[in-house]
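Per-chain residue numbering starts at 1, and chain names A, B, C and D are given in the order in which the chains are listed.
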Amino acid sequence: MAQASIDDVDLVIKTMAKTIVDNAEYFAHLDSIVGDGDFGYSLRNGFEVVLADYDTFDKSSVGAILKKIGLVISGKVGGVSGPIWGTAFLRAGITAGDRTELAPGDVIAMLRAAISGIMARGGASLGEKTLLDALVPATDALEASISDPAMQGDHAVAALQRAADVATKAAEETKSMLAMRGRAAYTGERSIGSVDAGATAVGVILQAIASAWREKYGEGVPA
Amino acid sequence: MAQASIDDVDLVIKTMAKTIVDNAEYFAHLDSIVGDGDFGYSLRNGFEVVLADYDTFDKSSVGAILKKIGLVISGKVGGVSGPIWGTAFLRAGITAGDRTELAPGDVIAMLRAAISGIMARGGASLGEKTLLDALVPATDALEASISDPAMQGDHAVAALQRAADVATKAAEETKSMLAMRGRAAYTGERSIGSVDAGATAVGVILQAIASAWREKYGEGVPA
Amino acid sequence: MRKFLNDPKTFVNEFLEGVALASGGALKFDPRYHLIYRADMPDPNKVSIIQGSGSGHEPAHTMIVGRGMLDAACPGDVFAGPPVEFVTETTKLMNSPKGVLYIVNNYTGDRTAWEMAKELMEAEDYKIGYLLVNDDVAVKDSTWTIGRRGVAGNFFVIKAVGAAAERGAEMDELERIGNKVIGQVRTMGIALSSCIPPVRGTPLFEIADGEMEVGIGIHGEPGRERRKMGTADEIVDIMLDAVVPDLPFKSGDEVCLMINGLGGTPISELYLLYGIAHKKLADKGIKVFRSYVGEYCTSLEMAGSHLTLLKVDDELKDLLLAPADVAYRVF
Amino acid sequence: MRKFLNDPKTFVNEFLEGVALASGGALKFDPRYHLIYRADMPDPNKVSIIQGSGSGHEPAHTMIVGRGMLDAACPGDVFAGPPVEFVTETTKLMNSPKGVLYIVNNYTGDRTAWEMAKELMEAEDYKIGYLLVNDDVAVKDSTWTIGRRGVAGNFFVIKAVGAAAERGAEMDELERIGNKVIGQVRTMGIALSSCIPPVRGTPLFEIADGEMEVGIGIHGEPGRERRKMGTADEIVDIMLDAVVPDLPFKSGDEVCLMINGLGGTPISELYLLYGIAHKKLADKGIKVFRSYVGEYCTSLEMAGSHLTLLKVDDELKDLLLAPADVAYRVF
């Protein structure tokens, strides 16, 4: 597996931001079923700024980029999503530090830092019907792929796709969960039967990143 | 043609009151098309009291009965209908005075007094899409029947039916009129195309009275 | 039915009882005449001021009974003026040697009731004053309609006259002040939805999503025109274009600007309209002396708004700022 | 969409500008942070009090900025707590040597924003006080939810603390008073319709005619139970049965009774509920000290109501009756 460069970070961030802006209504709709319907719109408020200002960010290191994004998101996004997504980027950025290249292990460490940041900020654990229920299994899958020789294609195209597919499936599985965090939690039993908006968003974003990655680096070695 | 007695007045009043109470929703519905939808309910407020208290009214003369009804109606009915219907009964009652029997000519005089009372109180003339547009032609028809030998059956059963039919038809014809009085007038051109609630009510009430009359006195001489 | 109700027939008396109970003794209630009145009135040194239109326009008029406003209100049923008996009984109860002032909104039903009552009471030597409110420019005056309706501008008439009455003004003085306000106040309304009279239980009419009713009345009467829904900017233009040239309001004038909610429109939207109207008036050189944003005269749960302008001078400013206490309050 | 709107994205800033323009200079507005603040604040002799939950609950909280209430409000978008930056910037602007008091409604989004801001500001040596409002008994406290929501009871917290701050009380005193109110206030809500967030343009959920949502939240979150529509008497029983035993409120207690409208319910219906509740409380030996009927904390145009009880003693009575001036007013 190769190293990821600042250029790759650009691609991931822009793909993510564009996906969020494009899917704002869809995500908000999901949040309206048992939540309050603001999720996609809130997130869009922040990622629109990221998209618009990205070229002016300090790109001297991965850490600089991600910390800046964390500040924009927690500054501009309201609701529970601002602090949670903002914290995730901040922690990932702190972990990346002044690196300008990321090894696969760095990416995993950054994701783990983001996850524990989210847990600390929002107090949620796995199985409580939040975005963690997609993000954690996807990170586990990515980590497993890294140490799996069958997945060692160029640039981890297949590994990323695998992680995205795990996220999508895990998001679907939040359907049967009882919401225990966020506004959806107020509905108790009635939250069962619909997917979590945040988890679904994680799946959709990872799929978009996996596609963009494949477009850039071609098909990986099939699993 | 025979004289009408206090007993006959009882029948007419009770039939009228019952018809208004039974048709309150229908009349209110008609008023809601271009008016404000209160007409039937307002009228019911008064005629319910008439029905409930009728047996306690002073029945020493036709005038006493009708003036009392006029007071109840203008006292209990809100909107434009209270003053208008109240005035009609008051004026008819004043015209009847202390008679205990009414000749056909007396009935016509009472109706004419009611009509000019309504016109004085509400300022409306014929053709302005109000209850006058049914009441006036019905009164004209009744007056014509009285002097028409072909209609001289017992107790004016046919004459009354003819008046009711004229009212019903005239009410239907208010459809093409532009409302110039009451709340319906605010809608201007848009009042054209639906019947006037008050005129329709006059038709429905007269039909009920004609039926009750026929039930009491049998078929009249056919025209 | 989407309403907090026990029985539509007792609706008016049940909410009026709530108003009286909420007042901590300041207001009394007589269910026979839908009557809410100040417990400390009548006062021989004060003209009594009373009103009663249809119910369904709350806080008008039953929730603006109190010091510096109305002394009593005797509304009819929802959207029906009061029966004459309500008015005569209220007049007797509130009688003062200085007289009883009727403030009447210009509707056939209201006028016939109040004018009949005035005749009856004057025949018994009561001293009755009379003001007729007709601020709605949506209705063109003509020889055959009864003329402009009284709508949200009624609030200003009561406020000014109520303040003056509290200071002991005589009847003719109150009529002068009231007619001054009536001469200088104009209103135009737009509705986005219908309303549900309790006795009826279903909407009085329908406004499709994407449409609006221009020149709406406050009894669910349709307005003069159904139009495609506009932006807030366009809607304020429609309202100002109807109101401003009518008086006309001119550059250099000082005004009260009221954005009245019809019952179902959130106050956030009313403030949004307010901001737009305030700026457009400033562009015309018309200065807002004071703002009035909220529900003053509603049509049950109708979504919509009236824009009302009142031209003010020093006399009216003073009366409008005078203290008043009514059931309708925040603190 | 049935709304007075130009663009859903600028909705909050447009109505806030209206609030500022309507204030005649008493309030200022900074669109960058959805910020409404008193022009005469900060004052070095007064703790500054600020709040910001989601928008869509007006008059809470932007229309209750003023003397004796909030010094500033910085809401988020409709139904979303404010971004952290709004809070930190508002704190800097309103900083006083006596400190800045945050009054926060208990929602994850609000709490994370205000708690992050508190950490950030304290790291820069600002003096920050903190009150968490959680009066909604519809949500049972548990180890895994964040606990009860803050709803209409928030008004009483701000009123009491605001009055004390105006008299110069120190931060710890304000926190004591605020927590006393929070400890004694309880709310339960019922909705009859949904609401339409401007960005969405359609109702957030559906309540069929003939049904009601018991335990509704103020963000359109469904409540705990959908039931067949009841009479007003039955509904008041449901609300009192949830609220009264919770504190519990007991015979001999004196209370403030608030009937809060959720935005689309006519005030006549609110007074009808008030009357019923007042009488049922009297039957339980609970005496109403003061009534609060109207819109205090809404959910856009939702039809529905909250019933709030606050147990009062002499200290709270005095603070509740102290004068206050806010944008949300009648006269």
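The working rule: a residue touches a chain if its C-beta (ideal position, glycine included) is under 8 Å from a C-beta of that chain, and two chains touch if they have at least 3 such contacts.
In this text the structure is predicted, and so the values were computed from the model without any measurement.
**Q** With one step meaning two chains touch, work out the least steps from chain A to chain C.
**A** 2
**Q** Please give the groups of chains connected via touching, computed with chain C left out.
**A** Components, chain C removed in thought: A, D | B.
**Q** Rounded to a whole Å, what is the gap between the Cα centroids of chain B and chain C?
**A** 34
**Q** Please work out the Cα centroid separation of chain A and chain B, and write it as a whole number of Å.
**A** Computed value for the inter-centroid distance: 77 Å.
**Q** Can you check how far apart chain C and chain D are, centre to centre, with Cα atoms defining each centre and the answer in Å?
**A** 29
**Q** Of all residues in chain D, which are in touch with two or more distinct other chains?
**A** Not one residue in chain D touches at least two other chains.
**Q** How is the touch graph of the chains shaped: line, ring, star, complete or other?
**A** line
**Q** Hey, which chains are touching each other here?
**A** Final set of chain pairs in contact is A-D, B-C, C-D.
**Q** Report the residues of chain A in contact with chain D in the complex, numbered from low to high.
**A** Result: residues 28, 32, 34-38, 41-42, 45-46, 74-84, 86, 121-123, 128, 180-188, 190 of chain A touch chain D.
**Q** Over in the complex, which chain C residues touch chain D? Could you list them?
**A** Going by the criterion above, the answer is residues 1-6, 11, 14-24, 55-56, 58-59, 63, 159, 192-193, 209-210, 229, 231-233, 235, 263-276, 278-279, 288, 290-291, 293-295, 298, 300-301, 303, 305, 320-321, 324, 326-331.
**Q** Provide the residue numbers of chain D that touch chain A in the complex, in ascending order.
**A** Residues 54, 76-86, 107-109, 112-113, 116, 138-139, 144-146, 149, 197, 199-200, 204-205, 217, 219-224.
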